[in-house]
Each structure stands twice: as C-alpha cells, then as structure tokens.
C-alpha cells in the first residue's frame, strides 16, 4: 500500500565483539529501508561466511543463526526489491571470491550504465548469477584490483566506470571500506563505538542502535577505509555537483536520523511550515498520513495556528506481507491499516498532509475514509512537488503512465481524489526545508533534469 | 519488554460472505491484545472447521489458509499466554463436539474457581486435554446443556457456576452467542455490517475493521444471541457491581476504541490532565513512553502548558520475538526499540509520562537513555496508582515480590529509577478519567480488594 | 498407491535412560504401520509432556525435540489415518488430565461401539476435542477410574464396555500398562532390555530396535502392568475366540517380526508354498510385487521348482507424499516406483505373486508394465482369498463397491487385470500358513462373518 | 552410515509437455546418486527459471513448485556434497547469464585443475560466488563462447582446458547439450520418448522413469546437441584410454541401469561369482549387506552352491538425516537400519558379502550384530579390492589415513572386523565382472595409478 520504495539499507562494523549481533541491531534500525530480504556476512580470521534470506531481520536472524556468525568484522544489508529481481539469489551482502580472496559487498543505489558494463564484461567471458547491479560493481572492482595495489584504490578507480547511485560497504579479508558515489545520491555515514570499533551505516539511527558516536557523513566521491591503522580517506578527483535524493528527507529516512547534516524530523516539519505559508487553508484541524506525514502536519499546524490532531491510529500488524485483498475490500484494507479517529474529524474542516502523491489511489481511499468519518471539508497538501518523472537512482516508482500527475491537471487530480482543495509544495519551497544540509539535491523526479545523462 | 499482558481478544461474525476473511480483519485489529497464537473457526452448513497456530494473524492466515475456511459464520481469537500454558494445544477457538453437535468457543478472561470446577467434573470421569480454563467453561456449558432447551440458556445458567472474568463468543451449529461475566471485567461489544451481519468483538476498533456500525456494549451478565431471527438478549439475574478492568483504559485497549461508553484515547488524555493537576512539575517539555504514554503526555502538556514533544522514535521491527539479549546489551535493546530524539531532550527538564510502573526495570533503562541523551532533569509521572497486588482476572503480572511498589517506598523507587521526582496518579483521580464510562471498576491491583472473594 | 492401510503402531518403555530416544528407535522400527503422524510422550517425576506432529518419525523428532523430552518412561505412536480424521489434533499419544493426574495413551485398532459410547457420555456433559475413538477409550477408562482403586483395574473393567479392536499402551504417573482387546485383533508384545527396562510394542521388530529381549505376546484380554514392582498380569474374564487379523501375516507386519508366535517371513513364504500347491502354473520365472509379495514369491518358487527372479527395482524415494499424478501419468508413476527388470522378464512366462487384490488398479498397471517389458505370459497368484467385505477393526479399505471382487467374477477380474490366469489362495489354505501361531483369526473381510456383531 | 558417496546425478529433456514434471520423475529415479540438494531449471521461450533447495526431490518439488516451472525444455540435478561445500548456494543446476543470454548447467564429476583455472581467470577479474567446480566449467565455456560460433563448439573446445571428470548437461536458450569428459569417468546416456523428446541422464533407469527408449551412451569426449534439427554429435579429437569408474558397477549405479553397455545387476552378480571362485568358504548360507551386496551374494550363492538367504531387513526410514547417535548407541543405530533375521543366521556359518570395505567401522558393527544373532562363523568377502588411495574424480572418500587398508594388513583388518576369514576380490578378477562394458576402467583407488596426472 505504500507508494514509494527505496532499494536498501547497509551497515558495517569492524573490530568488535559480537560483530554479527551488533549488525543485527543496526539492520533492525534500518529495516524501514527494505523489508524483503536481509543478510549478514562476517569475517573471522580472513574467512567470510554469510547468511541471507527473505524476510524481516528479526525473523531471519534467530539466536542460533547469529551464533553461527562468528567474527570481529561484519557487513549487513536490508533489501526492498522490485518484482522479478527478488529472491534469495539477489539478497545481499554479495559474497564472492576473487583474485585476492574473499569479499562481501552491501550496496544501496542503482547503476545507470549497468547494461553497458554488463555487455563489456561479457565480451571477456564474464558470467552473471544474479540480476542485481551489485554484481556488476563487484566485477568492476575485481577487474580494477588485478592491476591495483589495494582494494581501496580499486574501489576508487572503479568510480570512473560506475555511473549512478551507489553507497557501498565492502568487507575484504582485512579491511572494511565505505564508498559513496560522486553525486552522493544515497546517504552513508560513519561512527565509532566506545570500544573503538568503526561503524558505517546508511543512516545515523543505526549508529544509535549500537551506541556508536556519529563522526561524520561519508562525502560524495569518498572512500573511507577502516583497518588496523584506523580510518583513512581517499577521494575521487572528479567533483560533480552533489545530488542527494531529497526524498530521503521527505519520506525514506527515519525521523531521528541526521542525513548530510540535516535532522530529518526537522526537515519534515519545515516542509509542513513551508506548505502552510505557501498554501494556507481555512480549517479546524491538521492531520497527517502516518508515518511520514505526521511531522509535516505538525509543522503545518505550528505555522498556521490550526490545531494538530491525530487523525488515524495506524495498525502496525498490517505488514508488507498483508494479503492483497480483492478490489471490493481494498478500501477496507486501507482502513484496517489507518483507522480514522472519527471523534477528531467528524464535522470538521481538515487539512490532510501527505508526503507525496504518486498514483493517488491510496490518498483517494484515505479521503473516502475521512468523509465516512464525518469530515466536512478536506484540504490535501502534499509536502513534495508533483511527481512527474521516473527515478533512475534507486527508487522503485510506477511507470510514468501510472503517475497521476502525468495525465491529470491539479484540478483533475483534486477531483479524482475527492478533495475540497489540493496543493503541492513547490520545488522552490522544497529546497528550503533542509537548511542544515551540506549537499545539493537531485530533483529529477520533479523536473526530468537528472544529475547524469540517462 | 512490555510489562503487562492481557490474555486475549475475541471476534465473531454471523451471516456474511467471506466470514473467515472478515474475522481475519477483525483479529488484525485486535492483535495488540495477544500476539502468541491465533485461530479462526468457521461454520458451513452446521459443520465447524478451525485453523489455529502460534504466530501473528497476518503470518498464520495466508491466502490459502483463508480459502480453506469456508462458511458464513466465524469466530476468532488472538492470544497472549504465560509461559507453560502456551502452545498450539491451548490456542483458541476451542472446538469440540458435545451432545448437540459442534461448538467453537473464544474466551477472554480468567476463572478463579477453575480448580474447584475441574475437581468436581473429574469425579464424574471428565478428561482434560488443555491447561486452559476455557475447557472448564466448555464443560460447564456442555453439562448445563444436557437438561436445558437451548445453548443460550445453558450459557446463562453456567453463569451461576463460573466465577471470574469471561467475555465469550460461542458458535453453535446455528447460532453465534456472546456472553460477558456479571462483573464485566473484560470488554465486549456488538455491531452490525451494512449487509446485516452481526459482529461481536472485544473492542470497537475491530468493528471498524469490517465497517460494522457499533450498536452497543454487551452488558455485564448479558447473553446475546445472533441467529436467523436477529439479535436477542438474555440477562443473568444476579447483579454484582460492575467491575471493568481500568487498565483497559490506561493500557490495553486501542486508543481508537470505545469501551463501555468511554473513548479510550480521551481517557488517556484525561489521565494526563489529572496528573498535571495533581502532580505538577517545573519542566521544559513533556514526553510520553510510546505508545500508551503518548496520549497521557499530550493531556499533561495541554493542562500544564508545558510543550509536548516527541521524545522517542519507536522501532516497530522490535517485535515480541526479539531475541532476549544478554544483560550487558539489555539497555541497548531498550534503546533499539525506543531511540531518544536527543535534539528534543538535550539540556531540558522533562516530564516523562509512563502508563504504569510494574517492575521498574524498563522505566529505569529509559531514564538512563534520556540522561545519556542530555536530559537535565527527569520527572516521572505514572498515569496509574502504585501496582501492589496480583490480578486474578486475566492480566499476566509478575509475582507480588517482583512488583517494585511492594518492596520500595516512592522515594526508594525514585532512587532506583534514577528520576528527579516521581509521582503516581492517585486512585481517587484515576476514577475520574472515564466520565463517559457506564461501569464501575475493579481496583484490586491497587487496593487488594477484589470484586469477588479470591 | 498401496491398497491397504492399518491405523497404527505403538511403543512404550519404562525405567530407562534416554526413554524418548529409545522410543524414537522403536517408532522408526514401526514406521511401516503408519506414516502420517507420530508422537512421543514422556514422564518425568510424574509429569507428562508430549510432542506430536504430522510427518515421519525421523523428520519430526530432531535432536532438539528429543532433547526436550526428558524422562525415564515414554510412550510413542505412529499413525496412518483416513482422510478427514487426520491432522495434528488426532495425532497420538493422546495426553490428558483426569481425576488421578496425567495420562498418555497410544492406541492401535478400531472400536465398533464408538457412536454408542459417545452418545452415552454426551448425556452426562462430555465434550470431545478429537474425532478419534481413542478419546472414547480415554473417557471410558477415566469414568471407570473414579470408583476403581487402580488404573489397571479401570482398564480391565473398561474391557466389558469397549467392543472392537484395541491394543493399548497407557502411561500413568507411575505405571506403564499394556492392554489388548479380548479378541486379540491387533498384535502387542512385551520385552525386556539389558538394563531391566520393560518394553511394549506392536511388533517384535521394535524390541530388536532397542536391543530388548522378546518375553512374550500380550494375550487377548490381558492387561500387563509395568511398575516399580516389575511386571504383573490381569486378565479379563470373558474369553471369546481369539481373532488376530490375518493380514498382519500377509501384509502389515514386518517380515522380521514374530506375531503371536509365528515368524512373519515364514508365514509369507508358506502362503507362497500353499499357492504353488493349490494353483500351479506353467512358467519360467516367479516374481513378487515388492515388498510383501517377495517372500511369497520365494515360497512359490521353492515349492514349484520354477526359479525366483527379482522382477522389479523398487524406488524408495517414491514416498506417501508423492504428488498424485494426472490420470495420464498414473502408470508412469507406478513404473517410477516399481521399475521392471526387463532382462529378467522379457520373453518369459512369469508367475506374479501379489499379497492381495483389492481395487485391482495397481495390479493392472503392474501387469501392463510387465507386458511392455516383454513378459510372454503372466499368471497372477494372490496370497489371500478374494477381498469381499469391509473391515471394522482398523484396516482402511475402499467401500464395498470399490472392491473388485464384489462386482466381478474371477474370470472378469482376470480380464480386467489383463492376466493370462488368476488364482487366489483359498481361505482353507490361508489358515495353514501360520502353524506356529497361538491364535485364531478374524476372517471377516473374506467371509463377512465377524467375531463380534457389527 | 554409508561409506562412499558420489557427487551427483543429472537429467535433461527437450521439447516435451510438462518438462519439469518429467525431470522430477527422472530425478527421483536418480535420487540414489545424491540426497543433499536438488534443482530443476526450465526454459520457456528462451528464458530460464530455476528452483533449487536442500532436501529430497519429492519433498522439494511440491505440486505448486512444479506448476511454477513452465517450459518445454528442462535440466535437473541431484547432489551429494561433502561438508563445507553444501548449502543452497552450491545446489545445481547452476544458472547464469553470459554473452549469449541464459545458461543452465548440471554437472557430475570433479575437476582436478580447478585451482589452476580459478587462478588464471581471477587474473582477468573473475569473481566466484560458489565453491563448486561447476562455476569454473561455466567460466571456461563462457570464455570460449566469446570467439566461438556456437555453444556446442565452445563446450567442445573447453574440453582441452578441463582436466578431470565431468558429465554435463547444458541448457542454452535453444539447445540442450550433453557432454562427457574424454576419459568417460562418469556415465551419461541418451534416450527418446514416444513424443520425440530427447532425454539425457546419468543412468538408463532415469530414461525408464519417463518411458524413454534407450538410444545409446554418450561416448567419452563426445558432445551431443539436441535442438530443433534433432540430435547431432561432435567429438573431441584427443582420445585418452576410457576410464569409467568401476564403482558405478559395484556400488553407485542402480541395479536396473545399463552403464556403458553393461547391465549393472549382472555385473554385481558376476562379482559374487568371481569371489566364489577366487575365495571359497565352507559355509551354510550366503548373505549380503543390503542393498548393493545383495546381488553379489546371490552370485556367490549360485556359483558356490551354498544357499542364499536374506540376512537382514533394511529399514527404509533410517535416512541420511538420521541423527548421529552417541557412541554408545552407534551399533544400535546400525541394527535399527539393518535388523538381522536371526532365524536365518543362528547356528550357521555364513558368508557375508559387502561391496567394499573403506573405514571398516560399519562392517565391524554388522559382524557384531550377526554374532549376537547367533552366527557361528562369519566369512567376509568384499566384492572390490582393497581401497588404498584417494579418488580425485568425484567420489567422496575418507582421507588416506582413515582407509583401513592403508594401515592394516588383511589379517589385521580381519581381526579388527571380528571376522573368521576375510578376502577381497582381486583387481584382475574385478576387471572380469563387466564383460558387456564398452570401456576401460579407472583403477586409481586400488592402484594409485590414475588416468591423468594429478
């Protein structure tokens, strides 16, 4: 029922006791980034063993599985995947042998020159056992490694070949290495535990999960090596404008994470404040679509002076495996997940904050539910601009045809949704929500202009 | 990590298409009342078939299992159970054959004369295959039925034999029957769907889940029969003072449910308001322990004028199967589940609202986490009185010895918790939080005086 | 694909280390008697715990399950069951509480007055949670026990109430008790291990499996108690003619078992010898349908002087869970299970020994397979008379209508099977095959005259 | 408990309905060659999908799994694997993408230049995701394919690079191809179904399973292509002496298979006849260790005139997952699997035929069991020479140290076993047992002289 999905969350830790168990904690903190499959690879005396499966971290990694994963270095992965590319075979970390022994790799992102590289390597006899671009990254690094004195340099050199989004954690026999593409599409940060262990993670909330202090974000185009000598940094020469995916703030990241300097929860509240200034409404209450719309609704309420109220109770037991109901029960299923608190809504003019409107179907069901719960007027405010173009960098979105904004004017969309008014946060205002961010942003899904040529 | 557990949630529906699927929806809405095992029994042409297993509703009832449960009448159950009494063998609904054919029974509550009745029936050759008191209720009804003209009268007559808490839904070959013990310990209500189907459920939120209109609560001592003639009510003659478990308002029920006339979310906010009046604090922010403390914190904030802030992000992926970490990782595990939002806490004097303090260990960990996140002062306010006595009516609580209030003064408890101040809502004020409730309350756990002789 | 099924195998052991593991060995030895579900109950300090599930003994009882079953007394069960009466709920041993504490019961057989007793007990308020007659036996014993000074006397007194086939092993808090119905339909024997532990089992091959010495068969109408004082025997007064099911020799029992004094393998060879004398054939080779037809074929060969050859290789990986192929692949499936050794058959006149012809479909497929493998003539000899009547004592057979002998003359059957000649062992000759047996036989399925009024 | 294991069985079929289901039948017929994991890959409109898992064919391939495998061409695999190299990751068929699209490969055998090739390819940037040599074969073929006009020529050219044992079935988008190494270590044959579909299989018994007529064996160094044009054959130029593993006759292959022209059952009987001539014994009965010793025992009996008797009943429910019992129960576990028929043994002088003596432990337990069953004398005859050297071509054997023949003279071995006499079939006589075989044999494990330099 969710409308947007990102591909993954990654986590790595080096030199610590119970490395697998701490990675397990880190992955649970990152579970919101991917619920389809998960995996942990550990390194004991330079030997890598891994366990991967489909399911949630807490279901897959039982006590006995964790006990079987001994080692003082580990890398983990949670994965969402699009239909067809799933299954255990594509679960990560990818583990492999190459010229220098074992490697484990966890990847978040999406290559755009996947097919080009695949074809190139095939011509020298390469074989592919997965359908993921992670395997292409692995090949690229392995090929560079043949004539490069270290794994970290091989990764750095691979950057000139890899086009697209990739936040990587690579575990070699002796090193744990984080790398982030030169555009910085996907987040990645580094921290340190009290026992001196270094930690890499997609979001800072995963550092919190193992009580690691946040050190800093991995910078776009940076490779950070953790080994016995401590941390070292290498930088890729070419410096394109940084292009963090702004949906990390709006939707993907956990509210208690810092991403590239910006506290996510505040970015969401800022989006609500901007919306209130830009598109005010005459209303009695502000409500948000849980979870990501809640903070924006609180921001809207604070800025507008209209009281914030809880509009829904979200049922946490409606998980991603919830059986797809027949058409006739679709609205009932949405209501099962988001039960309206009629007492807060009945007879009121409400502002409804949603993080984004993609297909529009779920939003339409929600509006129907609010009407039945007695809402007098419903003013929809989206905390992102109209979603018009595909994403090539790791967000799984419908085809352009299915994007409601592509075929409908705002007024048509309003009618389809059944709202009394509808407004989107403008791109200009969106760019104001993260004043602490040290990056620029990719805005391709709104404008069709991407940081790289597609 | 939760400190209190109730035994069950129950749901039944009669004369509708897809009765099993609707019961599935109802059970997902009641999943918070029990996560250990679940089951659904359906009735097709007077024949009852059931499926029960350990696990969550959404995991157990796959599409193919639901497809195998055909019928136009169904009863379902979610169960929490104490160690030793678990397992599939004790999962419900209990299905059985007796003199009049098949029965399925779902039960929420706890008998106090279980052993007495068990011994009595044994003397006539009874055998018991479970360790649950539901089987004793079934025997009682089956024995009454032998000389009673209808199942509903047999249930009514059983009421003079059964001492304790029982909200029941019984499915006979042709009827669906709800019954609530004369004290009304556990909630039970009735609703009607647009297609005319009658629904019984522990809480009104489960009526919402199937789009049923709330009709009314089942009254203490009442038996309601749904059959082809519609609804009929029978009443047990003896009328003890009604004694709803007040923890339904404080903790168990979902905030969007109405229980015996009172909207639960408001009762929680009222508890916060009462606390603010009774035990004010000099502070900069009010935070609540999610989920049940949140509404009380909002009430406290509104009454006191101190701003409410979100203190934690709750990780929904730390479920009840989360592996029990070693002592050294216990606090880390609490933090994994409740990550503090340091930005909202650091340098502040905070009021922390918890629904109740039972053992005190989790509260202590939370306070430790808040300190590390930079809280300057922590003023703990519990939205319930001191928990001093065992519950005999269906709440699974620690032994009296483990109840921190039993061995420690309030000052000692404050020191143990590491709080700057500590106050409990008084019993007198607690009784004010549910002005719309049409019932009296059991207050045994606070006073040791129970509605029945134990 | 098998045509006859018996209900169960039972095993019990008292006072030994690793009682559960030895029961596991015993059940594996008895697995041929039932492959649908299995269970073991153990007794430790008078407390009974059990584990039951659907599947094969070796799959269900993993190391960790066995480790969880501590105690020095145990009872186990393997079960075949007819459609509808299966499922975990009907798996055995049945464990229960009654007036004197816990009981576990394992049962092989079938009551014929099940409905009568069920109705009688219902009138006093009994409830039934399974659909097996074992629960009725348990009720009968529990009711007798109320006014009887010991469990063994209660079992003995129950014998006057229970009509039908029952070999029972009952584990009470302090005793292990074996009982066999007065007609002795199903086998049961007793042995002793080197460490002094007493063992009860359906067949002597299960005594071998735990290195127990065979002591003797439990006699029809006998109750044997194993407790701290050793073994004691009680006998039911009424002595009907003993009526062992003769199919134990022909088909059910393992060839290496002794049943009521007769070595099973020799009984099968004797059947072959009798057949050779009664119905000779002009042929070049004798082959048997594995497994039970093999010994009879060897007997036929020895008596007739025609050489015995292996006619088939039986594929052991075609198990009872083998997916039911479409009609068009049915013969292929039979051939997958029984691949003919063409080199032994081609161009030859063969005598084919089958243990019995029930529906005839499998035999017909086998004959088709032999023809394709080049057999010139096929002379079918069945080592049992024509199967004409239902069994009420524990064998799951098709309805009378489906018994080929009921609707077809021998000549018609021969034509249906596609055989060149067909003969059945006569009842008179059948009764000669077990000269060492100390019992009489039930011949109901051949004659329609049963030892009890049906 | 078995002492020798081979790695695999392979099966492929082209242009037929229900290709997956027929492959399922074929794999069940080959299950004796590997019970650890299995898999089937199908090809529908040039797209390959696969399902692989650990377990037996009949457990893994449920109706719904088979239904999901649509296509008119399929390849399947059953695998035994040594510790460490197991797991789903190494299950076959290996499926991959390469320069010409998809491939699926099933392999039986073992490369000896695995490490050499692995190192060579690594230098060009190759990565390995499994630990099986099948991946190396795939790389070799993929690399050859880059500059070769067809997949079959690429396979043929790979033969000059691959040293060791490999029977292969390769499925490309449009072709099904069988290849056998130039030495012919492992068997492979081809057949045709009535509907014209071509079938490749490790043994002819798998052709029987799908009612395919045997056409011929794939010859050493031959590549056979099945495509729309029918069958075509290519031959590798270099012609080393053929070297079939003789244990295929003694132990691995099913008795009803023809391997390279020789009927396996007769080869086993011949071994017994040779043994009887070479090493006669004064005895009353000949018995064989089931299953592979049975035919040899029958041959010994026929040649010697000493009667053959069944010595054991083999329990088919003791499978490879049988839990490893503690030392004290080891002999009991052997007896559970092979229960002696005391009636056939007691008081007799027996000749015991075993197929080979590797470690000697199981044989010793069996002799102990026979002694307890009353055997007066036990004369052990092994139907293979002394096992002295490791196998590099696909048989999993103990280390040289564990081979009893390496550290013990025949007399010492006899004493260790507890036999009255002991003799091994001589190599010279062994070579006589397969008069119909059109191949030479590898005799490395007996002589240390291998067909290839190791």
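Per-chain residue numbering starts at 1, and chain names A, B, C and D are given in the order in which the chains are listed.
Convention: a residue touches a chain if its C-beta (ideal position, glycine included) is under 8 Å from a C-beta of that chain, and two chains touch if they have at least 3 such contacts.
Since we're looking at a predicted model, the values are computed, not measured.
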Chain B and chain A - chains in contact with each: none
Chain of greatest Cα-centre distance to chain C: A
Chain A and chain C: spacing of chain centres that average the CA atoms, whole Å: 61
Distance from chain D to chain A - Cα centre to Cα centre, in angstrom: 49
Geometric centre distance via CA averages, chain D-chain C, whole Å: 36
Multi-chain contact residues (two or more partners), chain C: none
Residue numbers on chain C that touch chain B, as the complex places them: 88, 94-99, 103, 121-131, 135, 138-139, 142-146
Chain D partner contacts - residues on chain C that touch it in the complex: 21, 25, 28-29, 31-32, 56-59, 62-63, 66, 205, 208-211, 254-256, 263, 265-266, 310, 313, 315-319, 321-323, 325, 329, 332-333, 335-336, 339, 341, 343
